[in-house]
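Once you've had a glance at the structure underneath, I'll fire off some questions.
Every chain is named by a letter (A, B, C and D) in the order it is written, and numbering of its residues begins at 1.
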């Protein structure tokens, strides 16, 4: 039984970790960290956990937790994890960081886009970008995982094979993304009130969203060179789900069948990636509550472009689910342990 | 042209007042009061007002405003209006208070249910409860109007005729109410975040909601004696709308036609009250954006009870619309000026 | 491994059965019946099942299915199951009927409220009303289960102990219920279109809903005499969830503690019923996706009444989840097999 | 008083026409055409119109209606209007067709994308594309108006000035559009049920939506040559509103100020087009219920592209509102008569 601690367990991603881990056979939560709710019963913060979790919220003493836990999930604000990391912690436990602190290898880019100083850049090199389907072998031996962002996970998984195979041009990429509101977190802000989000759609972070450099770095690896993309997220009046609609210029003449075969060759054996049937396009409702990413594409000969779509639950594959998948890989468990969740509809 | 000031113009009710008054031919807003946003352009707080309102938000100096305005709307937290009221203000201007400060005649009941001291109980007697269809003549000559609460407006209008005519027993009344989320205001609270309200229904203020004594007082006038009712509000994942479903024991044997005739005799000439056809029940979507209250009832001979339903837009007839209707009455304008709004669907 | 067939597998309740059974270790679906989609791949009707279900939809030949299956779930329109039932089927298999056909013992009441002739009243006596927490022992030995309606499940579980203990008067009961829209089924009707349901709340079936006699019969058993109640359902703009708010006259003076103890004595050992802490009231979001019913109450000394609230996922405990719970009981499995689902929020 | 008839008055666009015309001082509806509801009272189809409309629904006898009405709005399925048009009608009345029949000048393109034969191509030349801000003078003298599609209106208004001024390349255009569900109409289809649309986002009509050629034709006029664009609509769980996010390659180096000045020079005097302040981006909630189109842009020097956004109420400026605006122009009324509606929020 893996002993697990969560720092930041009362945010939406943290709570989703609790949901998944309670249904996981090989892991046990020993520490529900939450600076805001110390000493409050966890179920009083999330009544769905009534009679399922009896523990109280604890502080974020990561040093002490590192002594007790085999693994720590940090679902904390940007900068928090990096500010505490040290050799002692990493020699005592493993870390899966759900924040952005170790996702971007170039510390200047991180500091530029996030507007904060990185307090432990010495671990950037060691940290593994935990996109399981791409970096599986590296993850297995890692001590420190940078759990990918929600938008980047959906974007990279959807586009990676086509860039890697030279089908599309990296610099032509335009990613128009749409997310449910849980991605905005549980902070009490006017912009996230029910009446402000409901019956509305808007773009935000236009030409400036922090997930842009994360996407560019990872897709740059696929392209074999650095690339610049446009990434425009939109806020959708729904709880969960991310849909990305990406547009790329074709670098060569390809048929539907050829592109399909590329996807199959990359993902044919992947349990959590589903390449849909021809002309069936991803919808967030079909993955809700599960760890799946649904992907499909459409060639547009009129404009010599391809339209690529991916759908995912932002709290599962986009956060807590992928974190558990990383845990499973790091501890040699079945990769899908605790994750064979049938999407819940409606 | 009536010169109007609004104190609390950046809450949802305040903003709805702005929407209605911009479409009103005889009134002009000269003061957009908002303690939280002083000196900010009003349209930056509500972008729907871009190019419609150029004014900046102002403070809540009610003394100064009383010198400039013919009428002041106070859409402010409980206690605010009462704490500032004095003879000087009332001799210079008229007041329509959208808070609860002057709704309840018995100051002990007010202080008990609201948990605050009433700072100007000397005006309770003068203040007129601004339920237009019931107190029309009193309103015409008032200086100080207590604009009714949203739930009380819908409840009292729906039930009043039957109590007055002795059809139902006052103490048997159970009012199960449902409201959209704009009723909870624009304050940044976790409980009102999109993800907390969406896909959920809950009761709140069970056996303790502050609108209970307001309902009891007004329905007590109809019954001719003091009564105790159960009032249970619920929060519905929608922006606007209140539906009340009320249950009462029949005091005498009545037919559908007899009850219908009672309603017709009270409301047959009322523009803003619509008694629906038999077996067509009120739905909030059919009144959205308008000043209507839709009412209907169903006799249940199996249990010797009557079920009464009323639907209303909580921000219009339940707040800003009724406030404008009161203004029209106080200034001798057409009662429906600025209020002949066709409900917007969908 | 129990071989299971589902007739009506492409309705919302049928699909929820599929979701639950795919995660059940002791059952295997061998027949996805769906008259409307014969020969279509099941996942083409519900894309969440892509790569999880490869079977095609089949007809509703219940005689043939009875030969192959250990258990048949019928999630079919009223009258269908009763029209096909015979001794041969019941000697070959077990039946859990999710329709209303065998819920009401008095065939006249059934025919009166449902407006159709009952084609096999001879099985009414044998059929067990499958409310697991109340009829557990009878269910274990049943061949034919009448799976309770969604509203009745939530209502009866919430009120049963208080009636049984004589705390409240049966004839005083008023049940004001609210349901998500999945309860209305997947039929293509204008009334259930997105734009008609969204941003609206309405009552329906006022004083005439078919779940009324089902509630009255079962609560009558608790009261020890026949009772008449008011039951008013409302349609809420959300996918899942039922909340009932019930009002009853107190028959004796009781304290919070006494009522709490009654609930504990009935449900203290029930895994799927959670009596909440004092003044914490049920909300549908906290049970979504799970088999829980959350219950609480509030005494109102001002009116000498009690307010009882219950929340449930209408598709799980209100339909498919309870059906699986019944299956587990009938086949001697762990009662919670396949049902220890953590509620999913948000 | 202009006598107006509506054929197709019980669809969402038809009903919105009724809402707007009831608040219009110079027009009177004399014919509520609805093939599906002949002889039914109009308010029984739309209860918001109770006591506002007493008329019954009538057939679609356009010849007879042409004798009675000064103007006919056809809010009918594709092909209907074209199949009935003749000289007699056009000599007796004016027509504003809300369908696509006369929007596309090239009959082959129409027949190809719509899959139906055009029954009166002889009127294509005469018909004026009723995008008021672009074709104002032509509209004033027209007998037959092709009222633009919802997506095309929002797209063309947002992009037109930049194409016309040679700022962006036409063939580089990618339009990622998002619409509320009222755009899908009131037909009873499973795909538009509440539970299917709610908590979901999806693309549809990928690389094949019928509004593509309409956009291409109109933007081609701006570009001065034929262009091919990608247009991808998405369905958003909300009632009203369209947001387009468009991406174009810059043809020259431009500053924020230069682009802003272009927009100002085209739209500075337009009442219904609002160019927002820098870095304030359009959101559908801020235009709901009104005839406004809110537009803004963001230069992205990293990729040498521009991101253009536009928001609109699909039922107002995208359908009925623009139709009324066209009527006002055709009859020499104030262009904003009946249209100075303050957007309703929340």
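Operating definition for what follows: contacts are C-beta pairs under 8 Å (C-beta built on N, C-alpha and C of every residue); 3 or more make two chains touch, one makes a residue touch a chain.
This is a predicted model, so every value here is computed, not measured.
Novice: Could you compare the number of C-beta pairs in contact for B-D with that for A-D and name the larger?
Specialist: A-D
Novice: Tell me, please, which chain's centre (mean of its C-alpha atoms) is farthest from the centre of subunit B?
Specialist: Greatest centre separation from subunit B goes to chain A.
Novice: How many Å are there between the centre of subunit C and the centre of subunit D, using C-alpha atoms for each centre?
Specialist: Roughly 46 Å separates the two chain centres.
Novice: Give, as an integer number of Å, the spacing between the C-alpha centres of subunit D and subunit B.
Specialist: 37
Novice: Just give me the whole-number Å value for how far the CA centre of subunit A lies from that of subunit D.
Specialist: The separation of the two C-alpha centroids amounts to 39 Å.
Novice: At which residue positions does subunit C touch at least two other chains?
Specialist: Residues 12, 182, 195-196, 198-199, 237-240, 283, 285, 288, 346 of subunit C each touch two or more of the other chains.
Novice: Write out the stretch or stretches of subunit A touching subunit D in their complex.
Specialist: So the residues of subunit A in touch with subunit D come to 171, 174, 176, 178, 180, 195-196, 198-204, 206-207, 228-230, 232, 234, 236-241, 243, 245, 247, 281-285, 288, 298-300, 302-303, 305, 307, 309, 311, 346.
Novice: Please name which positions on subunit B make contact with subunit A in the complex.
Specialist: Those residues of subunit B that touch subunit A are 12, 181-182, 186, 188-190, 192-199, 237-239.
Novice: Given the complex with subunit C, which residues does subunit A contribute to the contact?
Specialist: 12, 15, 19, 22-23, 46-52, 182, 199, 239-240, 274, 276, 280, 283, 285-290, 294, 340-346
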